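Each of the two complexes below includes subunit A, the first together with subunit B, the second together with subunit C.
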Partner chain A sequence: MEFLNDLKDQASTAYELLAAGWGVQLLWGIAWTLAVTVVSMLIGATLGSLVAAAKLSHRGGLRFIGESYTTVFRGEPELLIIYLFYYGGTQVLTGVARSTGSIGSTDILNMPSFLGGVLAVGIISGAYQAEVFRGSFLAIHRGELEAARAYGMSAWLRFRLVIMPQVLRLAVPGLGNVWQLTIKDSALISVTGVAELMLTANKAARSTHHSLLFYTLAGILYLVMTSISTPIFDRAERYTSRSFTRPK
Partner chain B sequence: MEFDFYLSTIWSVLKALPLTLEIWFFGIAFGLVIATGLTWLRASGYKLGEYFTRAYVFVFRGSPLLVQLYLIYFGLSQFDFVRHSPILWPILRDPMYCTIVAMALNTAAYESEIFRGALRAVPVGQIEAAKAFGMSAFTRFRLVTLPIALRLALPAYSTEIILMTKATALASVVTIMEMMGTAQKIQHDTFRPIEVLTCAGVIYLLLNLSIARLFAWVEYRLSPHLRPPPEQNQLAKPVPEVL
Partner chain C sequence: MSANVAAAAKAAPSSDETPAISVKDLRKCFGDHEVLKGISLEAHKGDVISILGSSGSGKSTMLRCINLLETPDSGEVRVDGELIKMKRGRDGHQMPADIRQVERIRANLAMVFQSFNLWSHMTVLENLVAAPTHVLKRPRAECLEQAEALLKRVGIWERRNYYPPHMSGGQQQRAAIARALAMNPKVMLFDEPTSALDPELVGEVLRVMRSLAEEGRTMLVVTHEMGFARDVSSKVMLLHKGEVDSVGEPKEMFARPPTPQFKQFIANFNK
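The block that comes next holds the complex of A and B.
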């Protein structure tokens, strides 16, 4: 009974709190979370395709670099990478600025928190995307690459006409998984002070003392974001493999 | 001077390794228990059980672990009955226990899906053969389904264990001084984040690599039927090649 009464109290205050401005704040939080995720995914896609190429290279040195990248960034705690980019970035920026004399010798030049967070999450996302791209490349039939070579296609033409369209098609389900991972990783950059959903919920919880309400709301909003993206990626999968299904 | 700094940092972080391992171990152990229950509920064929596990997996896989941790640590104490409960309150006011609970609940969702997949991947022919031998359902499960399913679940399970090692770092945000928390403190004291975090990173990486190696070894031991037969008149290698 006590439990139900508690719940009723929470529900009645919930509306008041959200109407008092926290609702709008949370919506901004969602916007920032999505912005962080999209930018990180783009950074990750760029790095991931380069690393995948390195891992598939014939040169031992490049393969080693690719392997190390995916091992390190998938093996380290995400929090550590985020701290490394945020505080490490501050350390480097401060060092450079002090030595050039643009700030005083006791001043500190902070890493922009959005940039630091996005770089860190993007690099982690890149490690997972590299594996996705590598797997998709390996799933292309060898015969097709040989046929393209037999036609005398240059490496660039082979990449543009044979490899890339197929890698993109095969990578869609894997990229969907990485997208979900990246949404969840983006919650961690709240520690650097980017006002995304997690930090907004944190602030609201601390200043109103309704932590249950705001953390539950944050959890639900994350669930909405991750579950909305599933049908979108299903659609993308259908679209990219439309030439492989029979027309009705 | 430089070398001393690295050495002392690594030493201080290493001193927090037992705490990290403690969170890791109990998180995994309780997680395994919950996951076993969930898998059983899902496989039992009751509609209600299936709906419950589906909802559970949806919730715990769809939201970040950090939200779950905050919800358990800060959120649940809002309930009066939690604060007055002689069993729940000692658990939920302690950040250490809260981290373990959050990790266990979170990993159970992933693991139950791994186990479900593994159970479904057991070849039907094997089960039919066991039935034809007249094995009872329990014997069939003990001697045929379980060993095959465990072997099939192992690669995905090892990935999940490594994710758990990474997740222990989240304990630092609820004031636990495990490896990440210790590294944070040293970093704030010395303002040399790159050096300190690199030291901690090396330890985390070595930890994860050894876990991966351990699982690779177990996998190697459990799949003799997949290895090529040894050459005639040749001694078996003393150390498996995966190591």
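The block that comes next holds the complex of A and C.
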């Protein structure tokens, strides 16, 4: 009985805290988390396709650059990369700004936290996306590429008409995984001060001393975001591979 | 070998006409293995040349050297009299000097592959209009109209909105032939077009190819179909270990095999 009453108390406290403004804060946190993830995914898609192309190149130098990229950014802890970009970026920006005289010799030019964060997470996401794109390219039936050459298509036409649509189709399941990884990585950029979900939950937990409540709540919200994306990617996969499934 | 080539040259139509395809002394190695040891071939407008040979004889490689899907190590290829320009790469290997020229010539040499190689993410109709609209830059409406007509001709118009993986091999190969025709090519190259098909599907593809031969299309056909070689083609060529063993009129060749190789080759198939 006492336990039930206790639970009731807990629930009403939670309600009061959320109604008092933390609820809205958490919603903003979700919005920022999604923004960070989407922008990072786009940065990652751009870098990932370039790196995949480099890794597939017949030029040894390009292959080496591509291999190094994926080895380094998949092999280092994400947090280290974020610190490197944020604090390292601040140091470089400050150095440049001081030497050009645009700020005083004791001033500091901070790396914008959103920019530093999405660059770092995007670069990490790009390393994983590069592997997805590379695998997808290798899964294209060689004969179809040969047919594109035999029909006089230029390299650009082959890419646009045959390679890109098929890489996208084959990449959808893999990109779903990277999307989940990237959502989780976005929590790490709370260290740069972007008020995404993790930082908001942290702030709420510390200022209200209800750590259990807020971290559990944030955990549930992350789970909702990652699990909603699964059926969306499934749908995308069904659509893009419609030419391989039986017609209805 | 040379006696037969000379005989064939005499039998060929008047030489003042520029050959649609002229191949001279084509050589190609894969590593240490010399696949083509100096092949020459001439195809005039309206010729249907069946290229026979056991596997490893170099017949597919020869065909693929004509549209530069394989780069020959030496020798020359002319299409409609135009020499495909080659240069030496840094590693000493020959390579096309002008990729634009190669692309332009390829568009005139539509190829039909053993494994169809239709673009699997496009419907049949999209397969037929992709290269004509983007490579030849013809108006899309006109290409669509022609594509539908071609699909009717090869008998798969009802499947125009299907994706290739949803069709039988015979239907896919007929779609692939229609894709080739949609380029209005000067020469059609067939690389074992029936070898990947179930026996009961071979007939439908051969019927289409026969009708193309009858309307006077210039065709180079690498094939194992002895019936097609004997009854449809205007010239038969047997490759053996990377060399031209014999070449000539099919009726003549099948009635009186000019070489022991050719005799043995058709004997194997008649068994």
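Quick note on the criterion: the second predicted complex is superposed on the first by the 239 of 248 C-alpha atoms of A that agree within 3 Å, B and C clash if a C-alpha of one lies under 4 Å from a C-alpha of the other, contacts with A are read in each partner's own complex, and residues count from 1 in each chain.
Rule of thumb we're sticking to: contacts are C-beta pairs under 8 Å (C-beta built on N, C-alpha and C of every residue); 3 or more make two chains touch, one makes a residue touch a chain.
This structure is a prediction, so every number in the text was calculated from the model and none was measured.
Engineer: Looking at the overlay, what does A:Y222 touch: subunit B (first), subunit C (second), both, or neither?
Structural biologist: After superposing on A, A:Y222 lies in contact with subunit B but is clear of subunit C.
Engineer: Examine A:G143 and indicate which partner it touches, taking first as subunit B and second as subunit C; both and neither are also allowed.
Structural biologist: second
Engineer: Quick one: classify A:R63 as touching subunit B (first), subunit C (second), both or neither.
Structural biologist: The answer is neither, since A:R63 touches no partner chain.
Engineer: Which partner reaches more residues of subunit A, subunit B or subunit C?
Structural biologist: B
Engineer: Which partner does A:L188 reach: the first (subunit B), the second (subunit C), both, or neither?
Structural biologist: Only subunit B; A:L188 stays clear of subunit C.
Engineer: If we overlay the two complexes on their shared chain A, which of subunit B and subunit C does A:Y83 touch? Say first, second, both or neither.
Structural biologist: In the superposition, A:Y83 contacts subunit B only.
Engineer: Just to be sure I read the superposition right, which of the two partners does A:R242 touch: subunit B = first, subunit C = second, or both, or neither?
Structural biologist: In the superposition, A:R242 contacts subunit C only.
Engineer: Which subunit A residues contact subunit B in one complex and subunit C in the other?
Structural biologist: Of subunit A, no residue contacts subunit B in one complex and subunit C in the other.
Engineer: Quick check on the complex: what are the subunit B residues that touch subunit A?
Structural biologist: Of all residues in subunit B, those touching subunit A are 58-59, 62-68, 70-71, 74-81, 162, 165-170, 172-173, 180, 183-184, 187, 191-194, 197-198, 200-201, 204-205, 208-209.
Engineer: For subunit C, which residues are in contact with subunit A within the complex?
Structural biologist: It is residues 67, 69, 99, 103-107, 109-111, 113, 115-123, 130-131, 134-135, 162-166, 179, 183 of subunit C that touch subunit A.
Engineer: Show me the residue ranges of subunit A that touch subunit C in the complex, using the header's touch definition.
Structural biologist: For this pair, the touching residues of subunit A are 141, 143-144, 146-154, 157, 161-162, 165-166, 169, 242-244, 246-247.
Engineer: Touching residues of subunit A toward subunit B in the complex: what are they?
Structural biologist: Interface residues on subunit A, with respect to subunit B: 2-3, 6, 10, 71-72, 75-80, 83-84, 87-88, 90-92, 180, 183-185, 187-188, 190-191, 198, 201-202, 205, 210-213, 215-216, 218-219, 222-223, 226-227.
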